[in-house]
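Presented below are the structures under discussion, each in the form of structure tokens.
Consider the two complexes below, in which subunit A is the common component and subunit B and subunit C are the respective partners.
On to the complex of A and B.
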């Protein structure tokens, strides 16, 4: 029972690290980035390729992963989302096209990774970091799990504090509510969106490296699965609410763990899809979200 | 010609199945409903047709019809459930619906064959049937894009409030979009499973949504012709890209990304634009019937 709780906690932390960046961008810049899963996977993939050549410790791989994620994310924003937004008639039709453009862009890193690995799982066999396992009260905890949970909580709370109390956080929230007025108040939307995308990509890269350490290896396709789960976490917590994402990620992980341990079938995936459906139908603003502001 | 047909029969069949599948996403978009539920209904149609054929040995037409009937009812119920959702949220809810159909198929036990799916759905469906069905569907859709019906659908898409104030029942039209999409998806799924004789949960996953979406994005989402162009391109492109060897998938991704970003109207939109500007330049060069074309061009293709 306690073991299940520990597992749910580390699973939820991975969801959280992944979903934070997605929610940050969606709730403020107004972009639902469908390439987020591909960025996450590709950052882990590049780290894996590099550590196959050079034996690197864990912190170095985390830095590489976050940097690759941030660069890719900025590239997607510059090459795909900005041209779409510039040409879109209004935010509503732009939203759809960004969704589709994200799916299209995501196919490129996925294809490259599949090509190089032959669709096989890849890991960090070349890394000098070795996971150590502790046994506490009959519960097995790995050092990677502890790191994942700590990173998720620290970064999650850090983002909340930053958004709420810093000037740049205030500026970012203001473009989420009314981009036009925010611009008039001297907020540089372009720079702010780009740096937000960079932060989100960096978080995705971090999550990719940590998840790969945690699982041993991941497949190129794992980004797609996480994307849907993260979407469920964001929707559950409420779009635009960072506290909501934290709660959403852990609620989803606990629910999945319960389903996994209590049922015999392969119903785990139905949990996230069911959450998406139920929340959208009955409480579309989520647990913590404000009623959606239609941006124009 | 006969030899070419024989060697490419699988691709020819896939083109028409792909067309019906792409249409199941294109029709709701034309109604202004961003629903991906057609793919879930593709799964329903495929599984029902396979079960009816394997277990009860129903004839092909009845098996596919049963799948379409069930999918149509599910589509109608779905339309009632998600009626308050719009835009992005509707899109994601219907993607969740598609994936739930996949999970049900995995957990269906003996009925759906679990993770390995169903095998041996043998039926006497031929390419001719497929072509005839596609022709009928295209005929009906082409009719619905013209005249009074076409204008009504366009009004529902572009400005629902205005449409409602003109006495158009917007809610009914949206429900119709869901049901038509469900019928088309189930028809494509049923035909495909009876032609290929197998169906597995992995056949109806997220990648199928992406494939159908790419078809109408690259082809053009304005009209059935766009879906046809898209279905042809994405069925035959992998064969033509063989020369590029290992980088085939990367090229594929680049094409989709470029189309999604720079050509929002798809190839069809590009061609109609080119044709129109050619007409305009010819008119400017001399002839007199100046006021006919601008009117026509406005009615036929306002941008999304």
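On to the complex of A and C.
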């Protein structure tokens, strides 16, 4: 039972680390970035390529992953999303076009990684970091699992504190509520959007590196799979609520773990989508979401 | 393995796509009268379309298969196996899309210069091209593409044995490890793996004296195996079977070792082709039955491996061996039929299948246009795949 709980906590932290950046951008700037999974994967992929050449410790790879993620995310914003929004008839159609734009952009890093790896899984075999396993009272936990859980909780809570109590966080939230009024109040939307994309990309990169260490390997398609789980966590918790994402990620993980350990495991994905469906049906704003969010 | 690695299987068979293609092919009404046909003899060239992924999620399978086919064709032409007649390959890349594969298949059927097709490796693509092949009377030879609905009639052939047909070759290995209890973690999305987990292994257990004490099904989207592994390890089995797709294997092996399990681990061919490399020493000991290993005994295998290494400077994967045997099956069919029309090739493939032949994968037999062989046992030793058993 305790082992199952630890497994659920670890799985929830994986979902949370991945979902944080996606939720941050979606809940504030209003961009549902379908390239988030590709950014996550590509940051880990670049780190893997580098560590194949140079033996590096974990902190160095985290820095590389976060930097690659941030740069890629900013590039996506500058080269794809901003031009789309500029040309869009109105904000709503722009948001819809960005959805498709994100899918299109995601195909590029995916194709590069598939080409280089031959679609094989990749990891950090060249890294100097080695995972240790601890055993206590029949419960086993690895050093990487502990790190993933700690990182997810610290970063999750850190983002909440930043958004609630810092000046820039308040400005960012104001864009999510009413971008025009926020601009009139002196908020530089362009710079703030770009910074948010950089932070979200950095988080995706960080998640990519940590999850690759935790799982041992990921494939070029791994980001797409996690995108669905993150989407479920965000919808469950409520778009725009970082606390909601934290709760959503862990609720999803606990539910999946229960299904997996108590049934044949066939219904795990049905649980993810079932959650999305149920929330949309009975509490469309999510567990912690605002009842009304107007961005235009 | 046959289609194990093919994540796209879960997307289902694109029936609409196949139906649309059927209409086009029916309108074309080629009736198997390929332009290359020459009554009473062989033409100067026999043009074959190769629909194999060079890009996309199953590119590593497609590219390896193409190498095997190219090697065989080069050999067939150089040895003048068909006299002055040359086999010419035209390569098309469906890039992981069933829709593209179906379009390419339709184009091949409509273009009378094509005599046959080497079909796609992904099951969803193959399920879209097979009805077109049958209706257009175009012989098509698949490798991998292991699902139902691929070999569906007299024009569809497959040069990869189903895993369920040779999985039992690992029985002696299990017996030698004195296994009495087995745990199974399997990907339930893929019919082949599901059948091995739910039917083949319990049947083997009844024969060999072990029982399946716990099992956990995972899906194509599962990336963290801590919970299913924990569930299975809890029952303290002597051995565990991890029946997963390519990229899932290194993570599952790593997490299995982290869960403290150090017993025998059974796998499947999807763990091969370098997929366990990221697991390093954590992957050591995983053992699985395969249709091919470059070190397996047999003159025909050795000849293939030597030729392959000389041309590509690398060891061949099972996909390359399957491609190589596909091409030789086709060449033998042309020779047997004494003609190169689509109908000649179809008849020739049937005759060769009935007789069987020695190929890169050893002694090959066929059942209903589907390949059968004994199989070999392969193990990942932490750095490479090694042969640990062969009945060949």
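Methods note: the second predicted complex is superposed on the first by the 293 of 296 C-alpha atoms of A that agree within 3 Å, B and C clash if a C-alpha of one lies under 4 Å from a C-alpha of the other, contacts with A are read in each partner's own complex, and residues count from 1 in each chain.
The rule we apply is simple: a residue touches a chain if its C-beta (ideal position, glycine included) is under 8 Å from a C-beta of that chain, and two chains touch if they have at least 3 such contacts.
Predicted model only: the values in this text are computed from it and were never measured.
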Fit-or-clash call for subunit B and subunit C when the two complexes are aligned on subunit A: clash
Contacts of A:131 with subunit B and subunit C, given as first, second, both or neither: second
Contacts of A:51 with subunit B and subunit C, given as first, second, both or neither: neither
Touched partner set for A:23, first subunit B, second subunit C, both or neither: neither
Partner chain(s) touched by A:73 [first = subunit B, second = subunit C, both, neither]: neither
Subunit B versus subunit C as contact partner of A:114, first or second or both or neither: both
First, second, both or neither for A:266, with subunit B first and subunit C second: both
Contacts of A:222 with subunit B and subunit C, given as first, second, both or neither: second
First, second, both or neither for A:11, with subunit B first and subunit C second: second
Touching partner for A:95 - first (subunit B), second (subunit C), both, neither: first
Among 38-46, 74-82, 110-118 or 272-280 on subunit C, the segment whose C-alpha atoms clash with subunit B after superposition: 110-118
Overlap of the subunit B and subunit C footprints on subunit A, listed as residue numbers: 111, 114-115, 228, 265-266, 269
List of subunit B residues in touch with subunit A within their complex: 34, 81-82, 84-85, 87-89, 91-93, 95-97, 99-100, 102-104, 106-107, 115, 206, 210, 213-214, 217, 246-247, 249-250, 252-254, 256-262, 264, 303-304
Subunit C partner contacts - residues on subunit A that touch it in the complex: 3-4, 7-8, 10-11, 14, 111, 114-115, 118-123, 125, 131, 133, 135, 140, 142, 145, 214-222, 225-226, 228-229, 256-257, 260-261, 264-266, 268-269
Subunit B partner contacts - residues on subunit A that touch it in the complex: 32, 79-80, 83-84, 87, 89, 92-93, 95-97, 99-101, 103-105, 107-108, 110-112, 114-115, 224, 228, 231, 235, 265-267, 269-270, 273-274, 276-277, 280-281, 284
Subunit A partner contacts - residues on subunit C that touch it in the complex: 7, 55-60, 63, 188, 215-219, 221-224, 226-228, 230-231, 234, 246-247, 249-251, 253-255, 258-260, 273-275, 277-280, 282
